[in-house]
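Please find one structure pasted underneath; my questions will follow.
Chain naming follows the written order as A, B, C and D, and within any one chain the residues start at number 1.
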Amino acid sequence: MSVGLSVDLLAQVPQLVISGFTRGCIYAIVAVGFSIIYNSTQVINFAQGEFVMIGAVVAAVLLSKTSLLVAFPTAVAAGCLAGAVVALFVLLPLKRASVVSLIIITIGTSIMFRGLAQLLWGEAAIPAPPFTGVVVQGYVEDREFHFLGAYIRAQELWVMGVTALLVVGMHIFFRRTILGQAMRACAINQLGARIVGINVRRMIMASFVMAAGLGAVAGVVVSPVFYAKCNMGTALGLGGFCAAVLGGLGNFAGGVAAGIILGIVESLTGGLLWSDYKDAVAFVILLVILLLRPEGVLRRRAEA
Amino acid sequence: MRKFTSFFALVLLVCFAICVAAAKTSKPPIVIGAIFSITGDNAPLGVPERDTAVMLAKQLNAKGGIKGRPVKLEIYDDGGKPEQAVQACNKLLARKDVVAIIGPTLTGPSLAIAGMCNRAKMPLISCAASVKITQPVLPYVFKTAQTDSLAVERLIDYLKKHKISKVGFINDSNAFGASGREQWLVASKKAGIETIALESFNSGDTDMISQLTKIRSAKPQAIVCWGTNPGPAIVAKNMRALGMKQPLFMSHGVSNPEFIKLAGTAAEGVTFPSGKIIVAEAIPSSDPQKRVLMQYSADFKKTYGKPATHFGGHAWDAFQLVVSALEKVGPDRVKIRKAIEDTKGFVGIGGVFSFSPKDHAGLTKEAFVMVQVRNGKWTLAK
Amino acid sequence: MSDVLVETRSVTRKFGGLVAVDQVDFQVRRGQTKALIGPNGAGKTTLLNLLSGLLPASSGDILIRGRSVVRCAAHEIAGLGLARTFQNVQLFENMTVKENVMVGCHPWSRQGIASGALRWIGHWREEKLIEEEAERQLDFVGLSDLADFPAHSLPFGKQRMLEIARALASRPQVLLLDEPASGLSTRETSELASLLRQISARGITILLVDHDMQFVMDISDEVVVLDQGKKIAEGTPDEVQSNPRVIAAYLGVEAK
Amino acid sequence: MKDSERRGTHTEKAIPVRKKNLQLLNILPFAVFLACYAFAPRVVNDAQLTTIIYIGIYALLAVGLNLLMGYAGQVSLGHAAFFGVGAYTSGILTAKPIANEVIPGVSAGVGVISAVAALLLLTKPSGWKLAVGISLLVALGWLHNLPNLIPVLCAACAVAVMGIFGLMAKLQWMRTCLSGVVLTLVANLSKWFLKGTLERGSASPWTGLLVGVFLTAVISYLIGSQVLRLKGHYLAMATLAFGIIVEIVFRQWTSVTGGSSDGIFNIPSIQFFSYIPGFLRRLYEAAAGGSVDLRTQYYYLVWAFVFIAIVLAVNIVRSRVGRAFRAVHSSEQAAASLGVDTARYKVQVFVLSACMASVAGTLHAHNAGIGYIHPSEFGFIVSVELVVMVVLGGMASVWGSLFGAAAIQTLKDRLLDLEKTNPEFWGLKLQGLDPIVFGAVLIVVMIVLPQGLVRGFSDGVALLWRSARRSGRQQGVN
């Protein structure tokens, strides 16, 4: 196939990179969510992608009725609520639960969220108007820009901007605020944190709510680009997980970088090589990384 | 303790078996079974089918049913999964009072149960599109959905008329899209239309920029997109975003109002072969289907507050075929099958059906018209 | 065959920057009961883990029965006749007491998965041997009447005994015991001491790590003292107890 | 330990696992099973028989997965992939006329996969050596594919290349050569086999079964020997990734698998009554009151496999190797220190359970009167459903898996009927409840009854029984 790569095809690269970047941003945010929860509980939360879905769907449903100012906070609040619910389910049995049962519980929650969303909002895709658009023939249409031979939509800029904001925000939160430092303390040594008087349960709860909130924000900004659909969570969640593992679980910066790279690689594979197997790319990368560097990925844990 | 465990496992197992055996229902008058994809990825197809069947049964019963006997529908949801369809079909087959089954919505479930129905001598009128359901012909299996190949042929006629010979093809990788791709590849080759780019996307995909970029670089004269919502809407939007000016052709998979809602202005100019239902008003009144189409369209709008789709039309055809057979020969599966096979010139929503022992699909490509979106409305394409 | 069963040659293990075991040389001869002692963090358990193959050595060599085992996996080392117990008892909690000991028979039994699944004659024959061995070892440590209880239901002291029985079932030449007396009552400790003497009398070489000085001095023929990963002394209990370096590093702090 | 007053202070609450007077319960389940097995078709109708066949197929899967998850403690979220490999291999060989042009590709692929597995099995290379070895084998597979090269030349080439690679990589070079031989052999065999199948139109389902098991064993060995080095979340994710990749291949490799539009249909059923000696068959038919139809036959076939699987599983669990599996689950360190080759046993149980899944897949493909397979039946959701079955029935409980499979299938069945009535709840149309119910079952079972329904229930009853007996005894004393 690669033999057929023509100059024409290569000229498409900027476009592919930009659209991959948008998707990658979402992976990045999901990866950060994975890391936040992993750090505080050593749990991989399989329901992470569903937070994005909840944010996106709630926002899309509300955006058709109310303004962004109402829809955005409501959607994020819904996501946070979902996060709190997961925390309760994971927290309750946490003491004696094995890794297997934690995996199963979070998968259970993920399936349940999807089922509930389908029940509440149906299976159909829900269109959402872009944040900043122009009204054309009764439809809110997105502005478009020309950049390096590629088209870019205003909403995509929103996605990138919000991602950047969130990443910087997270960085400041974990470095500069007391709550953030307490959460980091929990991540490094739970027992130690408990001894100095940090309420570990509350920190775990906070980390779930935060990860869910992040996911929901991602969902809201992305709902005008992709359509909000009840089954969108799985793919985004798995992509985000791949990014989290690639970047080193628990490592925010790595996760963000890996997420964006993954998004771009997927997009390039689909655009330049085989779109039929585009979805397999993330998983192949994940498998290869897990197999070639298991000790590399695991070493961090062994030493922690 | 382990022995306790194994023992109780069996006790529970037996309890479950009894539960399965205990659940039985009473006998209604004339029962028509139905299996639709009411949930799952293909719910946009299955739900209007369900709604149509329910509406028709209600109308029929209001008029006094068939020779005084009311009709009862037993509607199962297969969720688009073959295995679930098999289970549902088995439940229907196990009942002596079911006279025929309409559905399933999709090709996979239809193929899964076709053999079963045929063996059990249960007339099955599928609402799915694939040719393989009725080729080779199984005596008891019919279908009402216009075969993909007819849609493809209709589209190809149109392309040839407009002298388009280099096409980029992109399809949804779900059942509908994959089947369309298969038909397209066969028919386009025959018609001398070159497919210079062939891509696919997943039903869950959120943007198709990478595929379209690849297609763009192949410089086709037109693009054909075969799929069900929301994919095609995304394709339309992304094409607009990429500044691609080629005409965009689609399949009958988008002939529902949701498509225009999703794609917004990007839907402008999209052309596709469709059943006549969505352009019922624009059909010349000389068309034999005009009256039926207008009637169904109005009824559906009145009952459910949304416009009728052509998928609902498949259920309309299936239901009415069974009913007309019932009126002729009464509730006897063997006779119903014969009656359907003998049906000629049945005016339905999908077209005018004429079945024969060799043709259980009953339609020609005249069933399709080319429809174009103009100003957010469906219009007949020239 | 050489008289030396276990030998380390300047074996070293690093965790990141920390050197847990630093250039340690020592030998265990056949029939000996040898103890490894040292203050907390001296690297005793790490050394045991290196010997039993649960951790790879960073450098140096380990010989068991004259064969270098630094590249061997744990199960291969066990196959050479080295069995061990763990500091925090690692029983197979999902099995009965007897089944635990039966797992111990693994190194000398041979029947594979097909034999077990199809119940070949070999399976029955070997299963009988395994069962007999398990019963013998349970009897030896005095747990035979608890054979059919789940392992996790035993009191802690008996769990230790069970672990020893399990290790013995592998018919080891060397038995490594990681803090066998920790968490035991005085009475249980003395029972353990007499049990270890019986094991030693069977000709099994014992290498143990423990904190209970009285217990260690009581049963061991030779003692190796580690401090901060380095060997600082080796000799008979009396010699070690009077060694000024040992007293400074260890006994000086903890001796009563 | 002679102090009798201390003995059993802790153990009083615990229940001894084995008691001689409960020996009967050892055989009883099998007896009940066989009785139900023989007479079930006489008391159920056709629809229920279909459900029971499905239960059998999933029970086979669940029993296999339980060996892996419940006994050896290794999670797999991609088990449906092996189910699919079995189903597709058999389905393709028996029903889908194999296109001439895919034969070289498929046979070369099978050859390469087998050769890589052989390379791994024989030499255990790691890191870059493995990568180089695989690329060499893939190149050789491609070479093999060229129509104008004679097989002998290819074989020589394969052996030479692999031998040189073995010498250079300091792998055992004879064995590395052997992987080249395997490549040539398997590729040629499968080419010959596929051509023969094409000429005859289709293969026998039994051939399909065997080829499916062979392929599954090779693939599961390949993937298992690598993936099982991982633990916990990483293992779960790796198996999940594998499962999804396989599903994508089923969906997209249309020329071979029929893709997601048509799947594979008209797969013939297995008629096994014709193999039974005539007089036995007539005897049974006399007892059953008439000839035995296709579905009933198939029911007997499927459940015969389930029975065999249960017997094998129970035997394995109570054998040396089974104890080793359970030891690995409980503490890998302790197991390794007792001479248990943990890596090998993990791969063994993985391959075993994959092969059971493959058999289940073949049975699913040939299901009497249906004979249809579709990628959606082998996706992630199915893998999760299998986990639900195992968890519900109870980890480490062979009979529990049977129960879990039955419970989930029955639940699905009930939901199908429930949704048919189109219920409404607070204005919501209750449709597509499966995910919600399955999710809830997973969560509740994991939190409330981590031992599974059966074990939890039987523990409860045993407790009741014992306390009743004790109080009865006390009354007797009084």
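Everything below uses one rule, namely that contacts are C-beta pairs under 8 Å (C-beta built on N, C-alpha and C of every residue); 3 or more make two chains touch, one makes a residue touch a chain.
Fair warning: this is a prediction, and the values are worked out from it, not measured in the lab.
Novice: C-D versus B-D: which interface comes out with more C-beta contact pairs?
Specialist: Result: the pair with more contacts is B-D.
Novice: Centroid from C-alpha atoms only, then distance chain C to chain D, rounded to Å. What do you get?
Specialist: 39
Novice: How many angstrom lie between the CA centroids of chain A and chain B, rounded to a whole number?
Specialist: Taking the average C-alpha coordinate of chain A and of chain B, the gap between them is 35 Å.
Novice: Take the average of all CA coordinates in chain B, do the same for chain C, and state the distance between these two points in whole angstrom.
Specialist: Centres of chain B and chain C (C-alpha means) sit 71 Å apart.
Novice: Mind pulling the residue numbers of chain D that touch at least two other chains?
Specialist: Each of 15, 17, 252, 431-432, 434 in chain D touches at least two other chains.
Novice: Considering chain A alone, which of its residues make contact with at least two other chains?
Specialist: If we look for residues of chain A contacting two or more partner chains, we find 118, 123, 234, 276, 279.
Novice: Which chains touch which?
Specialist: A-B, A-D, B-D, C-D
Novice: Can you name the residues of chain B that touch chain D in the complex?
Specialist: Chain B residues touching chain D: 1-10, 12-14, 16-17, 19-21, 23, 38-40, 74-77, 79-84, 86-88, 90-91, 93-94, 107-108, 111-116, 119, 130, 132, 173-179, 181-182, 200.
Novice: Which residues of chain D touch chain B in the complex?
Specialist: 15, 17, 22, 25-26, 28-29, 32-33, 36, 40, 43-48, 50-52, 54, 251-252, 254, 259-263, 265-266, 369-374, 376-377, 393-394, 397-400, 402-403, 406-407, 410, 412-414, 416-417, 419-420, 422, 431-432, 434, 453-455, 457-459, 461-462
Novice: Quick check: in the complex, which residue numbers of chain D touch chain C?
Specialist: Residues 1-2, 7-11, 13-19, 312, 315-316, 318-324, 326-327, 329-331, 333-343, 348, 352, 396 of chain D touch chain C in their complex.
Novice: List the residues on chain A that touch chain B in their complex, please.
Specialist: 6, 8-9, 11-12, 15-16, 19-20, 22-23, 118, 122-125, 127, 136-142, 144, 151, 153, 222, 225-227, 229, 231-232, 234-235, 266-272, 275-276, 278-279
Novice: Please name which positions on chain B make contact with chain A in the complex.
Specialist: Listed in rising order, the residues of chain B that touch chain A are 39-41, 43-44, 173, 199-202, 204-207, 209-211, 213-214, 216-219, 229-230, 233-234, 241-243, 258, 261-262, 264-265, 375-376.
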